[in-house]
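Multiple structures follow.
Consider the two complexes below, in which chain A is the common component and chain B and chain C are the respective partners.
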Partner chain A sequence: MAGTVAVKPSTVKRGGRWSPWLFAIPALAVYVAFLVYPALSSLWFSLTNWDGLSATYKFVGLDNYFKLPHDPVVVSAVQNNLIWTVVTIAVPTVIGLLLAIALNGKVHGKPILRLIFYTPAVLPLVSIASIWGWLYNPQYGAINSFLRMIGLDGLAQAWLGQDSTALWAVMVPAIWLRTGFPMLLYLAALQGIPNELYEAATVDGATKWQQFWHVTMPSLRPAHYIVLALSLIDSFKVFDMIYAMTYGGPGTSTQVMGTWMYFNVFQYYQAGYGTAIAVVITLVAVAVGIPYVRSQTREAS
Partner chain B sequence: MSNFTRRGFLGLTSAAALGAGLSACTGGGASTGGGATQSGSNELRLFTYEGDETIGLLKAQIKKFDEQNGTTTTVDSLPGSGAAVYPDKLRTELLGGKGPDIWRIWGGQIGAPFAKAKQALDLSPYYSKYGWDSKISTTAIGGMTFDGVKTGVPFVSLGIGAWYNKSLFAKAGVSGPPKTYAELEALNDKLVAVGVTPCGLGGKYGWDIMRLFEYLLEHTAGPDLHDKLLTGAESWDRPEVVEAFTLFKKWQDKKWLPQGALGLDPADIEPGYVQGKTAYTITGPWTEAAAILTAKKSPAGFGNFELPTDKTPARHSGFVEGYMINAKTGNADKAAALLDFILQPAAQKAMQISASTVKGAEPDPKALPLSAEWSTKYGGNPFYTIQDQAFPKKQADQYFSVQSDLLQGSVQPDAAAKKMQEIVSAWAKS
Partner chain C sequence: MTVTAQAPVDLPIAATRSDSPAPKGRRGLVMTFVLAVIALFWISPLALLVITAVRPLSDFIGNGPLSWPADFTWKNFSDAWGIGNFATTYRNSALLALIKVPVGVLISAMLGFALAKLRMRFRRTVMFTVFLGLTIPIYITIVPVFIMMRSAGATDSIFGLIGPYLAFGIPFEVLVLQSFFRQIPDEIIEAAKVDGAGDWRVFFTMILPLSVPALVTVAILDAVATWNEFLFALILLNSDAHKTIPVGLLNFQGQFANNNTGLAAGILIAVVPILIAYTLLQRWIVGGLTAGSLKG
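Entry: the complex of A and B
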């Protein structure tokens, strides 16, 4: 037995203090190459007058950022983003919650109903845009035809063809396709609430409404966080639905920051200016996301 | 202000971030680009926006060329988007270092950025080598010449006119096309009276409904003034422009356009005249193959006419489309040889090009009777540059925005004319 040395397992450190970094390198490399590097190069291009096509450009400092508040389309795009964000977070969340509560009860054909409500979320967006484009057709569309059929001719509109209704008309399919997701999350959360809580509340004489506010809602807190955070991200990055349904029009009435960034970078050959818009969108999204991340960190700890 | 090169920046930062190995891939000016073929290679890639109805004909001719020359040419297409999306895709491919060797593009301000950025090759040597100057219409070559450099070779020169449904005209008691603007208005009234929407145009993207306004401007301003307005040489803040905007609004208010035209997709509403939903549309000869023949309708049920301007000379809107060669291709000679091959009259006819720029490749009256009729009757008339090619995209979109505001009643014709002057003068100064 002489010569054997007992070594405590805890003192073995293969690779020393660098070993965690070695494991992290593959992920870090991908992160740096595909996120950090493009983000930094975008930041750089936002300080130039690059047209997005030529080999050369000039450094213009913060000129692109100073131009932003003087661009009337940026002003209306910010307003549209705010309206879009509030409506497409609030409405699908509330409808999703109500549907989840309804489907959590004793309802016949629950799986079929879940499928029906969730199906819009998996449809290709271009199909959704085409379907709703036809529904909104002023002359032959189902919506106006229905309104005329029930005698409400006065309400038949050129929904996508006028500034006053175009943005709202695009929001309807956005709500339609986004309701299924919160519904599923809430449904999963509702099924996790112990029945004993409701039984205790019933024994204490709580009404259904009181049970909802004092048992259901507090129990859904983690689900609320997830739903709101993901909805916020979805709303901020709105681009595809507007692009496919109205192309930012009529005129520029449905432009949002995402589409206006795209138009400048890809269509107007003003990549420097368009990238400045992209940087602003990112900063706002990060600023809005901070409270969520902090709250999640607190939850975890 | 310092001058930078994009490749230099990419190379420098890549080197800093990822080391010399990666920088060697992205930096340096000698790269041919990932997608452009290398010198000596027998592979070519052509990017176009041909639709399903014609892409097969193009591919057949390219296959023929490949067989004769030992090349392999890949054809990629992005159909249906019009000038709204295709240039973006092309630009992205070029920026990503993966550009096609040859691409199809519109002339005027849509093709101009690719020439200005020197992404497209100067084709002057090939014009001399293949004698394109004498084989192709001079006016069309002008549409693909940018700052005096022949950066593209045109193969189609398209005129815009009215394409109509004969049975709906007959329903309104009209026997033939109008000869004057007053007759056109009277025709519209008769069509509305029998419950037919006269002119099928859609305002999504702006360019389709613009075709009506540019016609009205030609009618009120006349050729000389119209041309000057397009270059910013004359002010838009003038009675002729106000009158054109007034007429434009009148077309909507009198229901000569479809209800809610501003929100309609041109792809949905343009074929309306073939489907019997509208009496006519304002479009070019491609509609014969794309809308009439695709719907398996007989061309005999349809007709076309040049929109009457009441001005001399009679003109219509028009534009050219052609091909460019990637400045970074390693295969410029073979790419040019391919272009020369598909510019031959026989190839143009085989591809059923309805408005070829190539002498001797006029449309076949048997295959495309209406296109042949347009070519015979109006093909020789002068044309003014279609306005979405006359202005850069940004100014064109601002222009569409003014038209949109006017049709919605939020801007009056005189204010619209003033706004247009602001847009055009700002562009002309830049």
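Entry: the complex of A and C
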């Protein structure tokens, strides 16, 4: 490597071969010990029939994985994961973009508006779950009270307590929580679009709508990419919100892979099987995340 | 509180430079009105929470959750504070954040420095492996982590949480910090090295002081994430004396099933520190999030 002088002259000369590792090792050691190693040993556990308690267990090969498609809960969990992913990406992204465009225009009080729309994003997830559980309360919750107040008594119902509405009801707070991030990112990106582009488009006779599609949207491409990549990675991992609001119920109507893993490991003493569920969702999450991770690694080199 | 201030009043802390000059004309006013209505709607869950927390339960039940309180009280807070065991959970969460955040930021900054400014073999492999952590769900690690902690006798102790919390914080912290360090010109480092400074001196006397904005941003986001973490805390802690705020809140929710005003007060107690911190520090959070992800 002595011949490659070009890119970073300062880093070439000093610091022995091992000196950088002294800086790297504390973080890498923690990262490997508490993330990489556990994740890899989960691969092993998923090939066993371990119950999570006994001292002994047996290697069963891919049996746990073959069982997955025959488990009706897994089937509905996968469906719920997919619905969850699509809705909690699409809705916050669209609302976030619209808010950002509005906030980027001629509006009073931008800082406080931005503050309000981003606030849910910093609250503890469990407290968001508590707040919405409280709003959804069938008898004293604000949502049913509001429906009764405006004369729509018929619509008041046990939002979290019935199969038909539970999953949708849990998604509302997720959307509330997740709109702030795309809004901020789009807002920052919009402020980076040079005004000349719009002026040129106006001179060419483009309508506002045409300007949006031909100037704004293409200029936002990097922001779209980040928003979609990060939301995708995040949405696949859903656990906390559902655990804290519905515990996967009623029945299995809000069960997702994350909660179903938890129940198998910690309630039904099927650690091997539960881990296999975790492995599957991890593989999917990593696969969709890899393009993003690569782009971050490449850009930096 | 941000809750009732939907009127277009500028907060002094958030004086932004990049916003366009004060808008004039009807269009701006109409848009402001529309956004204010949406914002009011957006914040209404929190506004209702505050209103409910300061009224007696009888008033809430008698007049309904959407009425203006006929009577005010602070009693809900003192009830919730005691029953929710908040003195303990606050102490645990604060202790955890106070240990975890500085350590996490320091070791991430060290790794970020090695990746950004030192000639390190396998640099891209290390980066790829670390950033991959962003995609890995916490729950794939819980069974092995639970076993590790049990054999180390570190379950049911907040110290047992520090390792996993550090590990899951590292990918994002390194991502942001190394991209910030990269923007520091090589020439000043080179100059210091000519004067005989070693890597450690460069790191502590130049890189860290020059990176205070990035370090603060990362520390804030990390503190919020630590304060909010739920799954590891749920699994590794079982006695009330060791619970953190999120896990404590979950138990509390069950105990207050029929006491709507007490529950509202308890939720508010749990979120107030985060809301205050966020309101005061939002400029950093906003800057850090957008810089870290758009340019990083």
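Throughout what follows, the second predicted complex is superposed on the first by the 255 of 301 C-alpha atoms of A that agree within 3 Å, B and C clash if a C-alpha of one lies under 4 Å from a C-alpha of the other, contacts with A are read in each partner's own complex, and residues count from 1 in each chain.
Heads up, the rule we're going with is that contacts are C-beta pairs under 8 Å (C-beta built on N, C-alpha and C of every residue); 3 or more make two chains touch, one makes a residue touch a chain.
These figures come from a predicted structure and were not determined experimentally.
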Item to complete: Quick one: classify A:Phe266 as touching chain B (first), chain C (second), both or neither.
Response: both
Discussion item. Tell me the contact category for A:Tyr136 with respect to chain B and chain C: first, second, both or neither.
Written reply: first
Worksheet item: In the superposed arrangement, which partner chain does A:Gly52 touch: chain B (first), chain C (second), both, or neither?
Response: both
Worksheet item: Counting only touches as set out at the top, which of chain B and chain C does A:Lys110 meet: first, second, both, neither?
Response: second
Discussion item. For A:Gly249, using the defined touch cut-off, is the partner it touches chain B, chain C, both, or neither? Pick first, second, both or neither.
Written reply: first
Practice prompt. May I ask you to decide whether A:Ser42 touches chain B, chain C, both, or neither, giving the answer as first, second, both or neither?
Written response: second
Practice prompt. Tell me which partner A:Leu160 touches in the superposition: chain B (first), chain C (second), both or neither.
Written response: first
Item to complete: With the two complexes superposed on chain A, say which partner A:Met149 touches: chain B (first), chain C (second), both, or neither.
Response: second
Discussion item. Contact-wise, after the overlay, does A:Val279 reach chain B, chain C, both or neither (first, second, both, neither)?
Written reply: second
Worksheet, complete the sentence: The chain contacting more residues of chain A, comparing chain B with chain C, is C
Worksheet item: What residues on chain A does chain C touch that chain B touches too?
Response: 33, 37, 41, 52, 133-134, 137, 140, 266
Item to complete: Could you please specify the touching residues of chain B with respect to chain A in the complex?
Response: 1-7, 9-10, 13-14, 17-18, 29, 84, 87-88, 91-92, 94-95, 113-114, 116-119, 197, 203-206, 258-265, 268, 277, 392-394, 397, 400-402, 404-405, 408, 410
Fill in: Residues of chain C touching chain A in the complex
2, 5-11, 14-16, 18-20, 22-25, 27-29, 31-32, 34-36, 38-39, 42-43, 45-46, 48-49, 60-61, 64-66, 107-108, 110-111, 113-121, 123-124, 126-145, 148, 163-164, 166-168, 170-171, 174-175, 178-179, 182, 186-187, 189-190, 193, 198-199, 203, 224, 227-228, 230-231, 234-235, 245-247, 249-250, 253, 260, 263-264, 267, 270-271, 274-275, 278-279, 282, 285-286, 289-290, 293-294, 296
Worksheet, complete the sentence: The chain A residues in contact with chain C across the complex are 1, 8-15, 17, 19-21, 23-24, 26-28, 30-31, 33-39, 41-42, 45, 52, 99, 102-103, 105-120, 122-127, 130-135, 137, 140-142, 145-146, 149, 176, 181, 184-185, 187-189, 191, 222-223, 226, 230, 233, 236-237, 239-240, 243-244, 258, 261-262, 265-266, 271, 274-275, 278-279, 281-282, 285-286, 288-290, 292-294, 296-297, 299-301
Discussion item. For a test of understanding, state which residues of chain A touch chain B in their complex under the given definition.
Written reply: 32-33, 37, 40-41, 44, 48, 50-60, 133-134, 136-140, 157-163, 166, 246-247, 249-253, 263, 266-270
